[in-house]
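Residue numbering begins at 1 within each chain, and the chains themselves are lettered A, B, C and D in the order written.
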Amino acid sequence: MEPEPYDLIITNGVCVTAADVAAFDVAVKDEKIVLLAPSGSLGSAKAKRIIDAEGGYVMPGGIDCHVHLQEPSMFGKGSSADSYESGTRSAIAGGNTTIVAFAPQQKHLDSVLEALETTHQLAKDNCYCDYGFHLLVSNPCAKALSEFKQLALYEGVTSLKIYMTYTALQLRDDEILSVLLTARQNRILTMIHAENGDVLNWLTDQLEAAKLFAPKYHSNSRPPVLESEATNRAIALSSLIANTPILLVHVSDPEAALRIRQAQTAGQPIFAETCPQYLFLTRDDLDKPGFEGAKCVCSPPPRNKDDQLAIWRGLQNGTFTVLSSDHCPFRFDDAETGKKTCITDDHPVGKFRYIPNGLPGIETRLPLALSANKLALTKFVEVTSTNAAKLYGLYPQKGSLIPGISDADLVVFYPEGRLSKTTVTNSMLHHDCDYTPYEGRVVDNWPRYTILRGNVVWDRDGGGIVGSKGYGKFVKRGQSSLAGIWETVEEDGAFDLEAL
Amino acid sequence: MEPEPYDLIITNGVCVTAADVAAFDVAVKDEKIVLLAPSGSLGSAKAKRIIDAEGGYVMPGGIDCHVHLQEPSMFGKGSSADSYESGTRSAIAGGNTTIVAFAPQQKHLDSVLEALETTHQLAKDNCYCDYGFHLLVSNPCAKALSEFKQLALYEGVTSLKIYMTYTALQLRDDEILSVLLTARQNRILTMIHAENGDVLNWLTDQLEAAKLFAPKYHSNSRPPVLESEATNRAIALSSLIANTPILLVHVSDPEAALRIRQAQTAGQPIFAETCPQYLFLTRDDLDKPGFEGAKCVCSPPPRNKDDQLAIWRGLQNGTFTVLSSDHCPFRFDDAETGKKTCITDDHPVGKFRYIPNGLPGIETRLPLALSANKLALTKFVEVTSTNAAKLYGLYPQKGSLIPGISDADLVVFYPEGRLSKTTVTNSMLHHDCDYTPYEGRVVDNWPRYTILRGNVVWDRDGGGIVGSKGYGKFVKRGQSSLAGIWETVEEDGAFDLEAL
Amino acid sequence: MEPEPYDLIITNGVCVTAADVAAFDVAVKDEKIVLLAPSGSLGSAKAKRIIDAEGGYVMPGGIDCHVHLQEPSMFGKGSSADSYESGTRSAIAGGNTTIVAFAPQQKHLDSVLEALETTHQLAKDNCYCDYGFHLLVSNPCAKALSEFKQLALYEGVTSLKIYMTYTALQLRDDEILSVLLTARQNRILTMIHAENGDVLNWLTDQLEAAKLFAPKYHSNSRPPVLESEATNRAIALSSLIANTPILLVHVSDPEAALRIRQAQTAGQPIFAETCPQYLFLTRDDLDKPGFEGAKCVCSPPPRNKDDQLAIWRGLQNGTFTVLSSDHCPFRFDDAETGKKTCITDDHPVGKFRYIPNGLPGIETRLPLALSANKLALTKFVEVTSTNAAKLYGLYPQKGSLIPGISDADLVVFYPEGRLSKTTVTNSMLHHDCDYTPYEGRVVDNWPRYTILRGNVVWDRDGGGIVGSKGYGKFVKRGQSSLAGIWETVEEDGAFDLEAL
Amino acid sequence: MEPEPYDLIITNGVCVTAADVAAFDVAVKDEKIVLLAPSGSLGSAKAKRIIDAEGGYVMPGGIDCHVHLQEPSMFGKGSSADSYESGTRSAIAGGNTTIVAFAPQQKHLDSVLEALETTHQLAKDNCYCDYGFHLLVSNPCAKALSEFKQLALYEGVTSLKIYMTYTALQLRDDEILSVLLTARQNRILTMIHAENGDVLNWLTDQLEAAKLFAPKYHSNSRPPVLESEATNRAIALSSLIANTPILLVHVSDPEAALRIRQAQTAGQPIFAETCPQYLFLTRDDLDKPGFEGAKCVCSPPPRNKDDQLAIWRGLQNGTFTVLSSDHCPFRFDDAETGKKTCITDDHPVGKFRYIPNGLPGIETRLPLALSANKLALTKFVEVTSTNAAKLYGLYPQKGSLIPGISDADLVVFYPEGRLSKTTVTNSMLHHDCDYTPYEGRVVDNWPRYTILRGNVVWDRDGGGIVGSKGYGKFVKRGQSSLAGIWETVEEDGAFDLEAL
């Protein structure tokens, strides 16, 4: 092999993949990883740039597969605090190199391709990191279903999300079956937001009738049984359609996690996601003086301390395939588009029902989870990057360090102990939201460099955001390649009415 | 104690209650049981009538708490084959002394009291056995809910039934919660028909689209997961309202039974019923040449042999509180009101979707279940009479043999071996239906006498039906007294929004 | 029926059986129940004695099927505080009419019939209540096994107990199988003390090595997993021998109870007993100053508050067939035969290993459990009397109120509210033990009369113990008739080596 | 980076690791992997040898961590068919580069270090592949336990195996606890053979008493409940010692697997192994004419078809950490040392009790499992190599492809479709056993090259065994690094008697 000038060398790092933790060097050329070599051996190779990781972790760049950006107001007055520009800017500062956001079909529209096109327009030329889209299907009419084939085959959209709650989005069980069946036929992965919408509407009415409006009652309107019930139902629907793969998003309730685990034990293709809010926040965070609790209003709501431990356990034992942010930011101190749109003269702390649901988290996901020190490093990479890539058809281009194949998407952390304990404040973040729910938390590491296709886009000590808007590209995704995901589809064959 | 002339003596019987099997004599006066005495000791007592049971079983009369009679057509063209007259006539010939039938509120009506009144008119002066009503609530509007108090306190109606399926009846989860909450406040027991209606509608559409119309596809439209999912959901809703007691009717699926058992193990007040069709019929009975299978179309559909065993196991281990008939007869060879209403020129074997759902069984329940010889005798009495009385607030007036307290409602069987093996045929039954799904089954015992409030109303060898129409009386029922049923209601206290 | 002079009438009582709670009168003649009649109707009948129950509960006399009396010292220096005389005296004062005690085979002896004979000598002419024996088998040699047939057929001993712990008694799993197989062939019920002896010996050694000798470490030497493990093993062994019925004695651990429940759900013939010490004592009772905790040293040890709730739940939901006392008294302040035999100069608070295991409870079982008000009255009678009679082959002679059949064994309680709150003290009890672990507990009722075969033997307000020593008779027991107990034996047929 | 002459290049392969499947090239120097580069890019690099994988899979060499070689006769007359020489020769021909065999302590010896030394003598200079030892502890006396520290710290032996069965080896539960406690303190992993020895001895006696001696009765003597019971007990013992990590070896029973899965779900450090005999053989293989069935006699015995599916499921869902061979060969047609030692004139088909337990499988493990096509390739590598390395402290030296760190231990398969369907025959294998239980099975791939520390030792088309005896080296193993294995040890802290 001839010596060749590399574009980038990362030397002296401790590389972490889903399988290995070991010191070795990485060389990059033409946006790809091209060489893995003994630690230090490339320190003096010819390269346009050499980064000495100084013993810090070098990992595949974070892939955040649950991000809401610039979605139309579907639940009321609030609208997303982040555009594709600000959202992806925040993403790279948090060590992410790829996100998958939602292309929402509104209930009154019959086409999903149009929804996709609309979303493309928002993202195009605006992103700091690579990106893809999940279709968010709220009207699974015949036309929409007929377009699934094109989504998967030509548009590079191989996943979609549906809701069992939210009046504007909720699908009935028969509609869910239609989606699952068409998704199965086109090898599309269906993500499900599993909360029982009818029950939560009823509870909300009851709470309001009792004049309980404060933000903390958001929790009371969504007790855990809402989630475990809907989770059980989603799994039942999947099993009915000859075991169609589904992913339960943002699981917060240990009972729901246990139900998922049972299905996995039995070999059903049930996958699950959890999010930092279920690891780092609790229900008490909603119960703060005045309107403050609204900052932590998201759905499902944060649960209790014990539940956090159970969710960590679910990450450790493999119940959860991915750890995503569910970044869904609304400005707090904003009565036009943010949390405070629900405040009226009559209700100075608002009505919890109208608080826009969601919180920002794209930038804090990796540093918080790494600093918690609860996951083996390989597991950390698996749930924050590799599995996301495999699950959503980005692999092996994304999520790994395969020479000649993987994009040179990397996040480099500080050597252990190098960064003094760092307190998270909103001022250090790069989103357009005016708060972070993790204000004041202390972390002990942070992405030092984020490298996207061989280019440093985030250099914490050398300019911060150094990538440029528009460098991020849309990634056409292939079929999910997560181990075993289509296995039962093969085994059980087509959905067969005679076999019911 | 002065000697006194009894109205009736039953001597030489082997009396069976929910606790005991033992030979003793029973004396009756003024419609009540008044004396239990050593076997044979009353053989020469003064009495208007003495029945020598000759060693046959003497049990509290059967109580059938799931009977449909003269209900309006709510699902299509079919209407019930049995009136209150013919239905209760069949009941006493099958050893029953009390039934609880349904007073159906139609979806477009806002009052349940009116539905009750309408049903009273149908039953009044027409019944051969005592009777009560469950309200069937299909429109739980504010007015209907506000009437629950009167139902329980003044009308003697302390139970109601709701449906999670059937377009004409199906309640959404929020409506179910409203019913449960109001029922809880009035100590009313809620019976739930747990099948997922949206799913079965979808499956029916799929089957029809595939041109699968034959009766047997009724089974395919209602796979077991429909039932276990809805059962899980019903239990979740009960738990949400601070553990409100519910009874799952006509459980056919072992997975559903297991879910119920788990809830019972955890101390939740979840009760369950099963029916002879899940013990004696299978799915194969729907798959007969031509339209014949329609005779066994009921919901849930009969399952498989293994499932039958599991359902028997559930009766043995206490999962099931009661064994009822779900008597819901439609004439077979009748294109005006019966099963054949679904037959058209285009569809000579009909469309399963339009086959009236239900089958007759009030008269065969006791002899079939006794002859199966799978239940301890005490358990047999418990699930066919005593528990029904306790569960539905008829106890101790009904369902037991308490001197001075219990109505003299008895069924006397033949001594073992006395009756030669008897083949069930429709011609020997007393309903107005033109078939029995158990045609040709062989049983080894049958009610010899049925005694209602001290009067023989069925004397198989002495005239058959000897009771008279109108002798049956409406029974105002009290609060359910089944052990433990309200215990969690006490413990958990009122439904508390703050505690969610 | 001619008027006849009864020996005894109980009028105005609220009679409770395993199925019913209702006011009716009871007449007794020639030691048997002979008439049940409307409440108050027998108040003026001719009878040698009339008891006006004044609305108090009248129940079948308590049957305590787990009682240790005058057993040889098998574990060390302690010996039972109670003889058959004092033990049965205490029994009747606590509302019991029958006990089943143990006839212990010592390890070095090869005959069980001799053990039985020896025990007969101790009990004969000494008992205040009726009694039977369980064989306690510690050496299941060929000779002992060959004697099982005679035990069951001629000696009226249809149950035996074995131990998975205690060096002097512990059987290895192969020995247990031999016992189970022979028991199965002779329709004998096997009771199993399920704690893992090897593990507890090891833990005891570890504790002693760490110089942890105080009474409270008795708990540490027997953590719950010891019990749930052994319970699981016992169930596995039963299942291996084609589902042989077993009863797990004195279950204290909720995990063990859950394992038992699972087996019951699956239809295995697994039965279980719990005791007042697991409902009313906790581990804290062992952790008292000085040697005081030794009073509550028994095996398994009392657990925690939460565990108590779970054990109550197990009584409510049917996991436990019987509630027995496990009366096994050792005097506290007695260095010759009692708890203090373990105290030496070196160890002023003794060594927990040598504390005689057991506590008195035969007299307090009924009043404590009734006052707790956690069980439906029918359930209370079921677990303290009727099921014990059925399980151990005493039924229908004992445990029920069947005219002409049941012995007139009754306990009559005070009318509700009649007895002011009563504080339990050892001075009011009738055993020969110098303490009760329930000293100071407050109860709100107590047996007012105990009636054995028609004779009042305990009259709390009229002389206390009014029965006489020797009136109690040995009862030959038949085969267990508990519903379903032999069902799987029938179904599964003989133990078949080819079928393994 | 300077060009450098590599020792070996593997180009054009599809490399598979526990995380990735992707085409890239691998360069080797000085026994280590030194470079991973784009596929084809090293085809013309300077190297002593270049292997063109032609698209075939290139994987980390197989690690077989359950191998019995030259063990003393501990169960009777049989002795191992394979020496370290022949066993490791067979290993490399089957794609393995490292094995871990057993160093057996005999029951009458008090030292484990001596056992280790004895085994070293057998292996030294005789092996074709690298090797390590598990201590097999049969006498955990104080001296043996005191030597554990040296084993782990100085001898590179960080795992040991114990038995719950076999008279010569069986430890009682107290002895197991002593082993677990000392192992925990020294971070040694304990492997447990979980079958209930007492029960199987009893069953064997029963079978013999019934004159059932044929090989097939080996199955009857070890029904699945033996294994699930012992598995449950082992898990209980682990939990008692503050959650000490254990590995259940050769799991065959789905119930046992489910119990393991439950423990894993709860976060307990329970690991498990299964073996090809539970994936490819069934109980029917023992039921062949004459003595033929003896070939498949191993413990636990092969189960049924359905059980095979469940065991595959357990590999897929992660219940099983490793898939090992349990290579334990005995010659079949050999009355001196092999299976036929149990044959006597009286018993021409032998007595199953005396059939040496075990079968050969070291060479067929990889080709059989790969050809079955049931596991994702990454999972295949994980359970056959990477996890074995991590679990047993060989990682990252073994089990991965880390440049500069991992030994160049590789197995190269044929390109898909290159090898025609190949029928397994014993004549093609390299062990010293005279049969393979897989005779006649068809596989579709086979190791083409096995490379140990950069040297080709097996070249199927170029000489077969080309490595040399003695090239294999003893590997000192470190502490297990499997993700999470010591986590609970950290969390729960030391075994604390006060906390029990």
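Keep in mind that, in the parts below, contacts are C-beta pairs under 8 Å (C-beta built on N, C-alpha and C of every residue); 3 or more make two chains touch, one makes a residue touch a chain.
Since the structure is predicted, the reported quantities are computational estimates derived from the model, not experimental observations.
Trainee: Have a look at where chain A meets chain D and say same if over half of the interface residue numbers show up on both copies, different if under half do.
Mentor: same
Trainee: Can you work out the whole-Å distance between the CA centroids of chain B and chain D?
Mentor: 59
Trainee: Taking each chain's centre as the mean of its CA atoms, how far is chain B from chain C in angstrom?
Mentor: Averaging C-alpha atoms per chain gives centres 39 Å apart.
Trainee: Among all residues of chain B, which ones touch two or more of the remaining chains?
Mentor: Within chain B, no residue touches at least two other chains.
Trainee: Applying that definition of touch, give me each pair of chains that meets it.
Mentor: Per the contact definition above, the touching pairs are A-B, A-D, B-C, C-D.
Trainee: How about chain D: which of its residues touch chain A in the complex?
Mentor: Where chain D meets chain A, its residues are 1-3, 17-25, 32, 34-39, 41-42, 44-45, 258, 261, 264-267, 313, 316-319, 376, 378-379, 382, 386, 396, 400, 402-405, 483-484, 487.
Trainee: What residues on chain B touch chain A, complex-wise?
Mentor: Chain B reaches chain A through residues 172-174, 177-178, 196, 198-199, 201-203, 206-207, 210, 212, 217, 219-221, 223, 225-226, 228-229, 232-233, 236-237, 239-240, 497-498, 500.
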